[in-house]
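Two complexes, one shared chain (subunit A), two partners (subunit B, subunit C).
Up next is the complex of A and B:
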């Protein structure tokens, strides 16, 4: 049994990682890319002011995206394999031509090159050193100054020695000053428009040679394929607990720690209540299959199932949670405990909890009564028609024992499967109930993080939700082995 | 196992569970006891500070009464005279004296609660959200202020006087003495003991504000654009600020008068109290340790007491405040309840003191009598809502909504087409039936209640016949008899088909546009609607990827400025506010001239002409000036709480766009 449990536990790991990758990829697809963000922020002023504001925008956004790992490619980083010919080709592709739409395309090509980071410094330097590519020196110097730019983050003030900070700051400033001015002309392509082009070129080459080790790719390009990616950066922050929520100004897991237990407990209670009601109901229906009572209960359950939980929650809130003129209401309208519940005795505290949780739990569970009880009814009916049940009856076993100890027990495997599926539904559906009854749980937190585009918090909340779900599925898998000796003997 | 044994086991198990729960609750109870004792200590400290402030005030009054030389005499320029009328002019101090007439010490007390969101941060420069600004409005002050009854007049606040000179390019402020920064909450911690001291407000704090806004590394693009024309700030002494603007521009007034100080003694220093290097301060400021702690410090009437994300934000009265606060000892923002229906239930249960209703709630709760504690509306009496246990009143919002036509699309090239689309819109009917009367037809880019509103402009009345004629005049015909109008544009037959994009989850707009679509269908215009989430809508605005969009503008000051939204130069800028691409040389000329005009008599004809041109041109279908229903605990609230008074007085006495100011609000008990 232990080895079975251990095997199931091991299977959780790749599942968890796979879900993490998919989540991360979906989030990155939906988020603004660095290029989009900069493009939408550029364009103020004209001529020199426009170029200056563009450069300023890039530097600002590089810092911000560097903090969150969004300046790196999502899953695979092949930037270390870009050759100088490749860079040359990209620069040439960015050169304008006579067609009208070229302006937009060439700008996008150039901006994409600007954001490639330090792995492109070497090939760009090679282009800059090539005397035969003089007309590309201008855009190459611009791209170099941004690829070699090292954003200084606020935490660097504490992590880096003052001398190192100064060195980086001075280099960033020099990189800006050594950009060779150029124009991207519609008719003639790149035209160098800088009388000091030669001096700046030499100075830029010398500046970057001095830090050649920092930009060397030979040892780094292979490891960078995986290690210098947005996903690895994110995973590193995730597993070291350093995911930081900008909107909450706290570590994401600290924020979640206050809330996950609310969701977990309520979901657990929902499943237990769902089973506690559905199992007797299903068995009762199976024993009276086809009768008027069975049909009436089925009709009622399907009617309940067809009403959306969000609607039911709102109706219950208005009708049972609004105080009348005397200040009394059937149920509280928010939260899971009264403000002074901390000082109540434990029985009173539990009663207060039950009073607050009654309506939210009802909204979460009523829909599952139908599916669980009807599945169980069908399974029990099938079991009651089988040979072994006929044999048991023939041997004189009482009907209650036949139904409960034999038929129902053999039908429980289906219930466990449905229970695990129910867990997934509950995690999703709980958001509505949290919002309507103002319960500070994980569902509301995840949605708020999504609305505020707080990616670290969203990812952390998703990871916790997925983790809880996988634990629930693991428990379901273990319960299979407990409930069905055939499964136990197959795997143990 | 026998039944008795089972029963005994059950009892034992239950007792064990109770014990476990008891132990589990103990840490939280201990923490609550510690918090309570800390609060008691803070309350004691506050009382001592209040006593100190009262002693200081008594000394000041007795010194004034006996002409004590220790009190700084008023300069001749500060003496009250008729010229201090609050209307900006050159050469003399015009600020109205600070107004304390709304303050009645007998009304002090209580905690007022309303719904709001937890601000993401409180950095006054980097954070640009409405809730952060609201918090800063409670905690900080600005150089000058205005009264909600007379929002166009400026009065003293942190500045006792201002003299404008050099043809509106130089502003010289004299700061009020004795104003002290609040001590931030973190000052109680050992690590930040260096902040636990009284720091006077000086001109250096304003210089620091400007320095940070203009620092190229500080991320505040919107603020930067407003201070682009500020050449420099001088601080010859601790109480004098001189702002030099590069050119004469009207917006320099509001940005000078409305400037707030930035606590230099916090933001210019690291966690350990050592100064941050000048070269690094811009970068560090974007993610300052003080902001990470959720700190806020100001010189205003309230201090931040509690900030629990998504739960509660509480502001407490600042006992050392020099000025006149509201009557409440504390103000709470409930951030737990987020949806409109739960908020309404919480309001009815007395958990908040005021709320703004959605149109559907107004209809169901008040018009249809769904809640008996609201008085029924009386068409003859707009104040009928004040008689109920839960008070309500229709109020005006300083905003309007519109449908914007993308003027770059050839189908909108002719203004008669746009005028026809306006004539096809049954504005009043939609406002009455879909928005349940909560709004008025908007006529142009200036709010209807703005003194500069051009009342001579006549709206395009709902007139399908006229709409048809206008469409015909602009060349639209149903040439192929398919029921839709079309026209030849650049040699091709183009149908009059409009895709209108708007924000998702807005059921009132969805319902209203269904009606409009039918109206246009009868004229042969094919209107299709699409909804998008907010992020996608932003992209649509920025990339001008639309035929038509639904939009709205929140108007701030009563002094209109047309450059941001209507200037031709910004028609093709990616993130400009002129997303419909409006161009008009005359409007450009007038709006720049308006920025250089300071006197209302000069400004009025310019603004009126601009309104007339824009409205005639119809780059927008100006739809509705927004209204809403404000509700409050009027009388007989649940026993634990008191009900609000003073709301009605404010609604009557203050400017209709600012009449929900809580200056007069206070609690009473029956």
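Up next is the complex of A and C:
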């Protein structure tokens, strides 16, 4: 039994990882429109004021970009291998001429360079140290200050000691100041024309050498292929609970923590209700198979199965939750509790909850009546026609005992399997019900995150949904083993 | 006389179920309404006879520039013209079985569709493109046709004289039966918050639902069949890997994925179709794999192997036709699922705002609860269409596997 449970648990790991990868790939492919903020500043930045605003725009963008791990390659990092020569080529291309299209090209090249992050600090430093390459020092210092920049993210900040935070802040500020402007110096070069630039350059080199432990990654080049990727970064953030939601200004899991239990409870209750209704219904129709009542119920359930739940929810909301002239409604139209429910006694609170949850639960549940009860009907019918039932009847066992403790019990294995499948269906359906009845659950959260393009929150919500679903499937698997001795005996 | 194919036998058996016949009838009705929607709801007259002679403004309307912006409309419009030809020449069409004849019809339709695209191809000089560009849009010519009906010697007008995309400034959220002063015609189901005629939008919404249902399921069938066939036929580690993939897709809360993609990429009807198709193939793949596993030990496969047939030929020419019946069943339920998926997305406010969709109307009804017709008309339409598809699928299933329950 336990080895069986363990095996099932192990099989879930690749499934979970696969879901993570697919979801990650999909969200990455959306490619948030990130180049726009940078385009406004860097393209036309000639005066000092504009250049300042450009660097601020870059820094804002950097912060946002790092938060989702979007600056890294998705699954395999090959750009960690950029050589010093490659960097020089890029810097040459990035050197800006007077024409507008040159400025654009230069911006694109610089973006490419600094997207490579800390791994590039070493080759860039080499360029900056080389006096012969003075004409590249402007772009190199620009790219360098961006690559070495370490955004202080809110979700990181509380993990760091205050002294460390201050150090990073000061260093970022210095990086910003030491950036060498490269506006008009194509002919002159920086060193000969501008002693100020030479001073800045030396200070920048010294500053980054002091931080060598952070940037000397030449030994880590090979491991960087896998470890310095967007997916690993994302997974690290996910498993350490540091996915940060930009729109809510909070950690994604903190947002979800308030919401997930509502969805979990609604789903659990809805499955229990579905079973409680379908089992008697299925047995009832199996005993009357072929009769008019059975056919009528089948037809009814079949139509019920085809009604979309969002239609039913809207109709119910329209008819039972709209206030009439006296201001009274049969059911509340939003949420799961009344505004004053905190001051109610426990029984009154539960009654209030039931009053609020009745319609949403109905909308979630009615669709599963059909499949559950029809499968049970077919199964019980099959059991009733089998030999052991005939012998039981011949021995004089009463009909109720035959139907309930023999035939139905033997059909329960199917019901458990179906319950797991049902769970997967439910996880699509609760979005509608929560949307219509304004229930603050996981589905509503996912919808809001999707509409606000909040990828980390969306991801966290999906992961929690998948987690709940997998736990449900695992429980169903275990119940399966409990109900069916053949499975238990296979994995002693 | 050749032996009937398994799919044909299943169809014949299913025809004996009253549910199946009812479902087919309802589905046929929906298809007819969708195909002839421009003849039922249009500002342009169908036949117009005045001093200048007899003209058919609706035909011009079928192929104007607006239509070319929406390829699914174009396909339906071509089908509207081809359908009578098909019916008249049914007996002369090549192909012995119904399935083959339907495929021939679909191929002819696609060929016509491709031919109509030719003038749209970029050309160095004006050419045909100029011809299409000069054609006046319906919006300009026909707005007043209905009111000016007296000017014609004789005219045949569409029963609903409003275009689905025409808005009338004074017609926001009017109840059913309201008479539109700018056209002098009645709106059967009132108007929506943007001032569209709800009945016209309902008719054209069936086009969207059917397009999504069939195309998304087509995509899912292609992927699912391919993966399932390879998985079942190859076995070994390929099977193991593909089965993991299928299991991932089965466990995936696909609706959340669709939500993410659609909300972030764009609310385009073809993106929605593609995403629904790309996420709903897992069940089909699992089914096809099971069928292939069962078929691959049969004698005819062994015979084919010993004759030296290639695996591809064996898989797709010999084994696949034998798995048609269960595929047909799953596809029918898949169409219903895709239609529900699209209307659900539109209901959540994530549908394509440029097309008429039932879910969109239902969402308007949710936002304006005082206007019940905005809830009941689209909701009932979705219900009946899904019911029809489910009934067809159920009939097929009962015919194919009488022991299985819904």
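By definition in this document, the second predicted complex is superposed on the first by the 320 of 492 C-alpha atoms of A that agree within 3 Å, B and C clash if a C-alpha of one lies under 4 Å from a C-alpha of the other, contacts with A are read in each partner's own complex, and residues count from 1 in each chain.
We take it that contacts are C-beta pairs under 8 Å (C-beta built on N, C-alpha and C of every residue); 3 or more make two chains touch, one makes a residue touch a chain.
Since the structure is predicted, the reported quantities are computational estimates derived from the model, not experimental observations.
Novice: Which holds for A:157: it touches subunit B only (first), subunit C only (second), both, or neither?
Specialist: After superposition on chain A, A:157 lies in contact with subunit B alone.
Novice: Classify the contacts of A:169 with the two partner chains as first (subunit B alone), second (subunit C alone), both, or neither.
Specialist: first
Novice: Once the structures are superposed on A, label A:255 by its partner contacts, choosing first (subunit B), second (subunit C), both or neither.
Specialist: first
Novice: Does the superposition put A:462 against subunit B (first), subunit C (second), both, or neither?
Specialist: second
Novice: Contacts for A:470 in the overlay, against subunit B (first) and subunit C (second): which applies, first, second, both or neither?
Specialist: A:470: touches subunit C, not subunit B.
Novice: Is A:275 in contact with subunit B, with subunit C, with both, or with neither (first, second, both, neither)?
Specialist: After superposing on A, A:275 lies clear of both subunit B and subunit C.
Novice: Just checking: does A:369 make contact with subunit B only, subunit C only, both, or neither of them? Give me first, second, both or neither.
Specialist: neither
Novice: Could you say whether A:322 touches subunit B, subunit C, both of them, or neither, answering first, second, both or neither?
Specialist: Both: A:322 reaches subunit B and subunit C.
Novice: So, A:438: does it touch subunit B (first), subunit C (second), both, or neither?
Specialist: A:438 contacts subunit B only, not subunit C.
Novice: Quick check on my understanding: which residues of subunit A belong to both its subunit B contact set and its subunit C contact set?
Specialist: Correct list for subunit A: 314, 317-318, 322, 435-436, 453.
Novice: Quick check on the complex: what are the subunit C residues that touch subunit A?
Specialist: Residue list for subunit C touching subunit A: 19, 244-245, 247-248, 250-257, 259-265, 336, 340, 343-344, 347-350, 359, 362, 365-366, 369, 372, 375-376, 379, 382-383, 386-387, 390-391, 394, 403-406.
Novice: Okay, in this complex, where on subunit A does subunit B touch?
Specialist: Residues 39-44, 56, 60, 63-64, 152-155, 157, 162, 165-166, 169, 246-250, 255, 314, 317-318, 321-323, 325, 327, 329, 333-335, 342-343, 346-347, 349-350, 435-438, 440, 444-445, 448, 452-453.
Novice: Can you check the complex and tell me which residues of subunit B touch subunit A?
Specialist: My answer: residues 18, 21-22, 25, 28-29, 32, 120-121, 216-217, 219, 221, 270, 276-277, 279-280, 283-284, 286-288, 291-294, 309-311, 336-339, 341-342, 345-346, 348-351, 373, 535, 539, 542, 573-575, 638-639.
Novice: Touching residues of subunit A toward subunit C in the complex: what are they?
Specialist: Checking each residue of subunit A against subunit C gives 14-15, 18-19, 22-23, 26-27, 30, 302-303, 305-308, 310-311, 314-315, 317-318, 322, 370-371, 374-375, 377-379, 382, 424, 427-428, 431-432, 435-436, 446-447, 450-451, 453, 455, 458, 461-462, 465-466, 469-470, 473.
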